[in-house]
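Here the chain labels run A, B, C and D in written order, and each chain numbers its own residues starting at 1.
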Amino acid sequence: MIKKAFALLLVIIIGIFLSATFARIPFGEPKTVVGKYYLDHGVKDLGGVNIVTSIVVLYRGFDTLGEVTVLFLAATGLGMVLAGLREKDEKKRKKTPPSLIMRTETKLLFPMTILFGAYIFIHGHLTPGGGFPGGVVIASAFLLMFLSHKKWEAKEKYTKVTEALAGMTYVVIGLIGLYVAGSFLENFLPKGVPGNLFSAGIIPLIYTAIGFKVGSELTGLLQNLRETTE
Amino acid sequence: MSWVIAIAIIVLGVVLTLIRAMLGPTAADRMVAVDSMTTITTALLVLLALYFKRYIYLDIALVYAVLAFVATLAVARYMEGGL
Amino acid sequence: MLNAIGWFLIYFGAFFLFLGALGIMRFPDVFNRLQAGTKCTTLGALSTSIGVGLLHPAWLPKTFIIALFILLTNPISSHALGRASYRSGVKLWEKSVVDKCKEFKECVEEENE
Amino acid sequence: MSSLILVVSAILVIFMIVGAVVTIHARDLLVAIIASAIVDLVLAVLFYILQAPDVAITQASIMGGLTTAIFLVVIKKTERYEQ
């Protein structure tokens, strides 16, 4: 009892200090010099309307490469852990089959969801979103098929090949930037008119690569999880 | 003023479904409430996009409309023993 | 004119969304709640998004796509939930009159793929 | 930020806290998964209201289907009721 009261007191004190700190930060104004620079010069320098994706892909492109690598490592590690489990669970459970309505409707929704994911990552420099949400939407489309079809599967060789090709595309674009413009992941294409689909240099290319990579990685992960629950 | 009434009615709906999701006796009750909450929230997001006057905010409502039912489907398949 | 129709649709939809939520809150068992929570909210979300599209005619294509996806995804989720809760042994309300699912063979037995 | 938006976000924050408490205290882990899905979906709406659409779209898309499905696979592999 005294322990719980002490914990509650601690939470209240931390809450008071946090609220007092956050109350002094103005809402919606850039606080730092770097943020002010990005907001003032971002659209003019790079040509992308959505300043967040410009920062993620161009100003901080190398960090994004690291994030993609971390996701790849996580998926590979999970695959290795699950590969040890797979032999033990050989006994066949009796599963309830999916109903006819579910099968028919998900077959209809699957291409539309994939198309929506492609829309999200191609329009990353114009609308919110980008490579990561687009890839997750594509993986969700595959999850839909996994849930509602018993025998449907994503072959491991296809997901692995797609993932490797997308990752290589990302690095090759960076190396072309190093050769043409002087530094790794530098923009080497024309900026175009801000607001058009074909603008913002290499942002759509890189986001397409990231979208394919994240989508195929997560699909492979779901396929691994599915094989272990058989 | 007309904004306030429309948004308040919809938020009241979200609150009612959330109360049912917190109270619900069985897991199925809670999932039904969550499913309705996502639909009501999609409408709320569309309306708030008009309130903020930002066209790009409609994308988030679209993501809600497309993806929120995947969770419902997964829970349903778990409950009938097909996962 | 378009403005008035848009506002009417928004209020209509908001009212139906509220009714659906009230049904979720007040109805006695899972299947009744499923009824209220799917039909009312589908109609409400449809008419709200179309109404927003009518207020801003440039937004109409995207709100139409949102309405289309709601129309496609809501019935399947409610179907899956109803089937799953029947199969997992959720009891009907004690004043329920009819249980059609018990009469049909293929509803109880396994379906073939 | 108008007072309407402030009231809406306050209501949503209260429900997020209640959902987190339900998540912690539920014995049935399926209920815990559903409550955490509620927390995530409401969090996406909050990001939207605070005008961070990129974060909101990522939150909604990841939490909509994937994490729920992965948690469900986990409790399928282990067990549903906590001791």
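In this text, a residue touches a chain if its C-beta (ideal position, glycine included) is under 8 Å from a C-beta of that chain, and two chains touch if they have at least 3 such contacts.
These figures come from a predicted structure and were not determined experimentally.
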Chain pair with the most contact pairs?
B-C
Relative to chain C, chain with the most remote C-alpha centre
A
Could you work out how far the Cα centre of chain B sits from that of chain C, in whole Å?
11
Rounded to the nearest Å, the gap between Cα centres of chain A and chain D is 19
Chain-centre distance (mean CA atoms) for chain A and chain C, in whole Å, is 31
Residues within chain C bordering two or more other chains:
69, 73, 76, 80, 83, 87
Contacts with two or more other chains occur in chain B at residues 15, 31, 56-57, 59-60, 62-63, 66-68, 70, 73-75, 77-81, 83
Numbers and ranges of chain D residues touching at least 2 other chains:
51, 53, 56-57, 61, 64-65, 69, 73, 76
Check the chains against each other and report every pair that touches.
A-B, A-C, A-D, B-C, B-D
Contact footprint of chain A on chain C as seen in their complex
69, 72-73, 75-76, 79-80, 83, 87, 110-113
Would you mind writing out the residues of chain B in touch with chain A in their complex?
56-57, 59-60, 62-63, 66-67, 70, 73-74, 77, 80-83
Taking the touch rule as given, give the residues of chain A at its contact with chain C in the complex, in rising order.
96-97, 99-102, 105-106, 108-109, 112, 150-151
In their shared complex, chain B is touched by residues of chain D numbered 4, 8, 11, 15, 18-19, 22, 28, 30-31, 33-35, 37-38, 41-42, 44-45, 48-49, 51, 53, 56-57, 60-61, 64-65, 68-69, 72-73, 75-76
Sites on chain B touched by chain D in the complex
3-4, 7-8, 11, 15, 18, 21-22, 27, 30-31, 34, 37-38, 41, 44-45, 48, 52, 54, 56-57, 59-60, 63-64, 67-68, 70-71, 74-75, 78-79, 83
